[in-house]
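For reference, chains read A, B, C, D, E and F in written order, and residue numbers begin at 1 within each chain.
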C-alpha cells in the first residue's frame, strides 16, 4: 500500500534540518519535511516578562507565522489585517507549550528564549515541522546562553528532546506525516508531540469528517510514537554534527 | 480515594442544563458543571458566509467569551484591549468544530447557526461545559429552523449528539471533570469531546508538567469516554423534558 | 389609560434585584426590569490608576456590554470587531459617573472598584437597570472593603443611594420605564438618574422625533423622580434583606 | 455679579460664524465661542449607507475631533492610538442627533451629509460651538444640494434651526456658556440643544460634584433657552448675510 | 511660458506664514502656499522618550494629518479606520527628519518638541508647506524653552533654517511648487528640503510616468534650491517681524 | 581606499539571485546582497482592486516585511503589535512604485501582481535588494501570465528593467551598497532606483547628520547609476539562465 509520492503508510517525508542558518540568532534552523520549509530562530534575551520577575525562573515563548505566499494561493498578511487569526494563535501556543515541556526554567535562570517559526513554504505539517526544528534551534540557543554563563551552573536547562508529527486517517487508512494533498482529504487529523523517550507532551486529534473510534485512535498513536522516535534520531545526529 | 469536594475520581460535578433561558435566541441554555456556569445561545440566520454561498450547505460557528469577573480576579475585556486572546480563539474554534462534527450541513441548507458561549462564572472546565450545553441549544435552534421549514425536508441536520469533559492527572491520579483548584495543580490536562455513541470528535491532551506515557493516556481516555456517556444521558433527558 | 402590558403610565415593570449572584465578585447582582436582565459585578482592587496615585483618593469605573444575542437579532461582538462602539462607550461613561456621584472617593482610600454591567437579555432600559443594580453591587463591595479595613476608618465611602429610570413620550403620552417595543416608538427618550433624596445626578433627554417643549420636559422629570423614589425603596429593602 | 472675563451670568462669549471657510466643502464654517474655535464642514455625497438604501430617505452624520494641541497640553492623536475615545464617540453622536433633529430626511432624498467638526482651539464648550456652527454649514450644504436638484423638489430638508449652549453651576451660581476655567470648577454641567422656536432637541445635565435639585435644574434650563434664542438670532443673520 | 494660474515655471504660489496662531501651543503657525493651508503647532514637553533618557539629548517628532474634508472629496478619518495609512506615516517621518536636520539635540537638553502639522485645506504641496511652516513654529517653541531656561545655556538648539518645496515635470516642463491640478498631471514629482545655506536635508524624486534622466533631475534640483532660498527669506522676515 | 570588508568605494557586495525558489508562487527569488537575504515572491491573481475595475489596466503592489530575528536584536512582529510601522509602510510603497515604473499596466490587462519581499536576514540595503530581486520575480510572473494568455497578446507588460542600490557618505567618503555597520555611521544615505537604460525611477537622499551639498549629491548619483548598471547586468544573466 503506497501513497501518491510512493511512501509507505508509516513513512516520513525526507527530513532535513540545517543548523546555524542565520548569522544573527543565537539558534537557527531551516527545517524541511518534504516541501514544507520552516525557518526557526531562537532568540535569547536576559530578563523575563514582568509577571515572572523575581521568580528565579526563565521563560520560553513560541510564535508561528506564514509568509503570504507560502501556500498555493496568497493570504493577506496578519499585520496588514491588523489582527492575528485563530489558527496562528493556536499554533503559536502549541509551539511554546511543547518546548517548555522539555525545559527546566529554573536552570534557565531569568532569561527568555523567543522561538520564531516562519513558514517559508507550506505543504502540510507546518506546525509539526516547526516544533521539530525549533527544538534544535532551542538547544543551540541554550548552549550559547550556557557558554555566556547566564544560566545556572550545575543544571542543564534542556531536560529532554521533543519532536512532533502529524498523523491522520485518509481514505480509511492511518498514515504518517501528511502532505497538504493528503491533509485536505483526511477524515481525522492528529498532531502528536513526543519526548525523546516516547512520552507525550501534546496529543491533538480532530475528526474532520466522521468521528473516530478508540481503535483508530490507538493506531494513530502508534504511528505518531514511531515517527517521533525517528525524528528524535535525526535531531540527535544534527546536534552532534 | 476522594477529592476535596468529596467526589470519586471518575465522578462528574452536579450538572444542570436549563433550556429556553433566553426569550430572544432560537436555542438557549444555561449550563452548570458545579460552579461553572455558561450561557449558550444558538442564533439562526438564513444565508451563509460569502465563501459558502451557492454550495447548498449551511454553517455552524462558535464563539466563546468570559465575563470580566467570571474568574477569581477581574480580567480586562477583550473588546477594551481591542484584540482577542489566543486562548479565546482556540476555544471558539474547538466549540465550532465539535458542533459541526454532529451536523449534516447539507440537511441544514444554506442557513447559519451561531453558537455563543459566554461564561458567567468559571470554576474549571468552561470549554467542556460550553460544548455540552451548546449542543442542547443547537438542537433547539435546528428544531426551530425545521418548524420554519427553512432546512431540507427529508434529512435531519442533527446526525448525532456531542458532549465534552475535561479529565486530568492530579497528584498522579487520573480524574474526571476538574474544578479550577484541581486544574491548576494538574500535571496533565485533557479535553475529550465524544459523540453519543462513544466515538471521538476531538481529543486534546497537554502535559502541563512532566510528559505522560501511553498507559496514563489510556486511563484518561477511559475516564473521558465514561463521563461523556453520562453527559449524553443528561442531555437526552433535558431534550426530552 | 393602560399600556400593552397593562401597566399604567407611571408604573415600573416588575423589578427584582438578586444579591450575591456570583461566587467570585466582592459585590454582584442580577437585576431585572421586566425582561431586561443585567448582571452587575463590583470588583475591588487595592491601588488606583497611575494618574490618581498618591492622591489619597479611590476610583470607581463602569463598563457596560451586551451579550451578542441579548437582543432580538444577534450583534457581532465588539471584541471580534476589534473596537468598542459609540453607544457602549457612552453608557459605560454614564454608569461610572452615576456611581461616582454617590461615592466619597477620599473615604474609599486608594482603592478601585470596577463595576461591570453585562446585559444578558435586553428589553429596553438596559442602562437604567444597570445603574440601579450596580448601586447594590457597589454597596456590597464597599462593605467588603470596609470589613477588610482597606478604606478610611471613620467615613462611609457611600454618601447616598442612586437609581435610574428611562421615561419617554410615546404616542404623545409621557410614560415610565419603557420596554423595547415602546422605546422604538418613543418621540422623546429621557434617562434620569437620581439620588435617594430625589436630587439629580444625570438628566439626558433626546428628541427622537419632533423637539419637545418645556412642559413635556417637566412632566418627564416628574415621572422620573417618582420612579426613582420607588427604585430607591426597592434597593433599600434588598440591602437590608 | 460678573465673571473673570467680565461677562454677566447669562451672557454668551463673543460669537463669530465665518461662512464659506473652505474651498472644497459644500458647506463650511469657522465658528468661535470666545477662544473656542471649531472648523465645521458639511460634505454632500449622493447615496446613503447600505442599511438605508431604497428607503427614499437621506442621512446626516456627525464626527467630532480635536487637534492634538487644541488644548493646553498636547493629547495623543486617536489615529495614532488606533482607537476613538469614549468622549469623542459621545460628542460625535450628539452632533449627529442634534442636526438630524431639524432635517426632514425624506425631503433630503437618498443623499448623505457628513458633518465634520474639528476643534482647532479649545476653551470650553467645544461641542455646543460645534453644533451651532455645524447647523450653518449644513444649511449651506443643503442649499447646494437643492441647487444641484438632487433633493426632492417640493419640500425643504431643513425644517428648523438648531443651536446649542453649555450652562452650569459654578460656585453655586448658574451661568451661561462656560469657558474652560469655569468648566473645570463647575458643580453641574449641562448642554442644551434647542430649535429656533425654543423647543429642546437634547438636554444633558451632569452633576460633577453634589447632585442638583429640581430648582437649579429649572434655572439652568431657563439660561439655556435664553442663550439658544440669541444664538438662533446670530445664525439667522449669518445665513442672510 | 506661463501656467494655469499665470505663474512662471520657477515661481512659488503666494506664501503666508501667520505666527502665534494658537493660544495654547509654545509655537504655532498657519502657513499657506496658495490654497494649501496647514496649521503647525510645536509643543514642548520636558523629558524625552524612554529610549533616549539619560542621553542628555532632546528629541523632535513630527506628525502629519489631513482633516477629512481638506481635499476635494471627503476621506474617512484614520482614527475611525483605526489605522494610519502609509502616506501619512511617510510624511510624518519626513517632517520629523527634516526638522531634526537643523536642531542640535544636545543643546535642546532632555526636552521633546512635538510638531503637529494638520492640513486644513489641501491644494498640492501639503508636506512641503508643512515643513516650511513647522520650522517657524519650532523656532518659536525653542525660544520659549530657552526663555524658560530648560535648554543648555550656551548653545542654540537651532543650528540652521529649513524649508521645503515640491518641484516636478509637467507636460515635459520642470516647474516649481505644483498645485494639485499640476501634481496629478506630473510625470515626475520631487520634494526638496534645503537648509538656509542651500544644502540638502532631503531629496525625494519619483517618476510617476516615464523614468527621468540625469539632466531633468539636475533642472529640478536647480529649481528646488532656488525656491528654498526664497522660502528661507520669507521665514526670516516672519521670524524677525 | 578600502572598506572593512575589503571592498573599494564603488564596489557592490557579492550579489546572488536564485530564481524559482518557491514551488507555489508564479515568480520567486531569493536575493542576497552580501549577508542581506530577501525572499521575493510575485503572485498573479486575475482581476484588479475595486477602484480599478473596468479600466482595462492591471495593478502591481509591493509589501515588505522583516522576520522578527532578521536583525541583530529581535523585533516584535507587526502582526502582534496590531499595526504596521511607518518604516514598513514607506518601503512597501517604494517597492510598489519602483516596479510599476517598468510595467505597462494596459498590456498586463486586468490582472494583479502582488510582490512580497520578506527579509530573512538583514545587513543593510534590504529595500534595494528587495527591489532588485523583486524585478526578477515580477518578470517570471509576467511570463507565466503571458503563457496562460491572460495578458494582452501584442504588448509586453515589461517595458524596462529596474534595480536599486543604496549609496551614502561614510566618514566623508561616498560609497556604494552600504552594509549595516556602514549604514549606521553614514552621514548621508541615498537609495537610487534606476531602469536598465540608466534613468531614474526614484531618488531618495537623506542627511542623517549634516546637510549635504550639490557636489556630494552628484557623486552619490554617479555611484548609484554605476552600481545599477552592474545590477542590471546580473539580472539579465539570471533571467537568461
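Just so we're on the same page, a residue touches a chain if its C-beta (ideal position, glycine included) is under 8 Å from a C-beta of that chain, and two chains touch if they have at least 3 such contacts.
Each chain and its UniProt protein: A, B, C, D, E, F = Ribonuclease PH.
Bear in mind that the values here come from a model prediction, so they are computed numbers and not experimental data.
Participant: If you check the contacts of subunit A (Ribonuclease PH) and subunit D (Ribonuclease PH), which chains show up for both?
Facilitator: Chains that touch both subunit A (Ribonuclease PH) and subunit D (Ribonuclease PH), as defined above, do not exist here.
Participant: Among the chain pairs B-C, D-E or A-B, which one reproduces the interface of C-D, with more than half of its contact pairs identical by residue number?
Facilitator: A-B
Participant: Looking only at residue numbers at the subunit D (Ribonuclease PH)/subunit E (Ribonuclease PH) interface, is the share used by both copies over half or under half? Answer same or different.
Facilitator: same
Participant: Could you work out how far the Cα centre of subunit A (Ribonuclease PH) sits from that of subunit E (Ribonuclease PH), in whole Å?
Facilitator: 50
Participant: Could you please state the distance in Å, as a whole number, between where the Cα atoms of subunit E (Ribonuclease PH) are centred and where those of subunit F (Ribonuclease PH) are centred?
Facilitator: 28
Participant: From the mean C-alpha coordinate of subunit A (Ribonuclease PH) to that of subunit F (Ribonuclease PH), what's the distance rounded to whole Å?
Facilitator: 33
Participant: Could you list which residues of subunit B (Ribonuclease PH) touch at least two other chains?
Facilitator: Subunit B (Ribonuclease PH), residues with two or more chain partners: 82-84.
Participant: Show which residues of subunit B (Ribonuclease PH) lie in contact with subunit A (Ribonuclease PH) when the two form their complex.
Facilitator: My answer: residues 83-87, 89-90, 92-93, 97, 101, 160, 190, 194-195, 198-207, 210-214, 217, 221, 225.
Participant: Subunit A (Ribonuclease PH) touches which residues of subunit F (Ribonuclease PH) in the complex?
Facilitator: Where subunit F (Ribonuclease PH) meets subunit A (Ribonuclease PH), its residues are 22-25, 28, 35, 39, 41, 43, 45, 63, 65, 67-74, 77-80, 82-84, 88, 114, 116, 118, 120-123.
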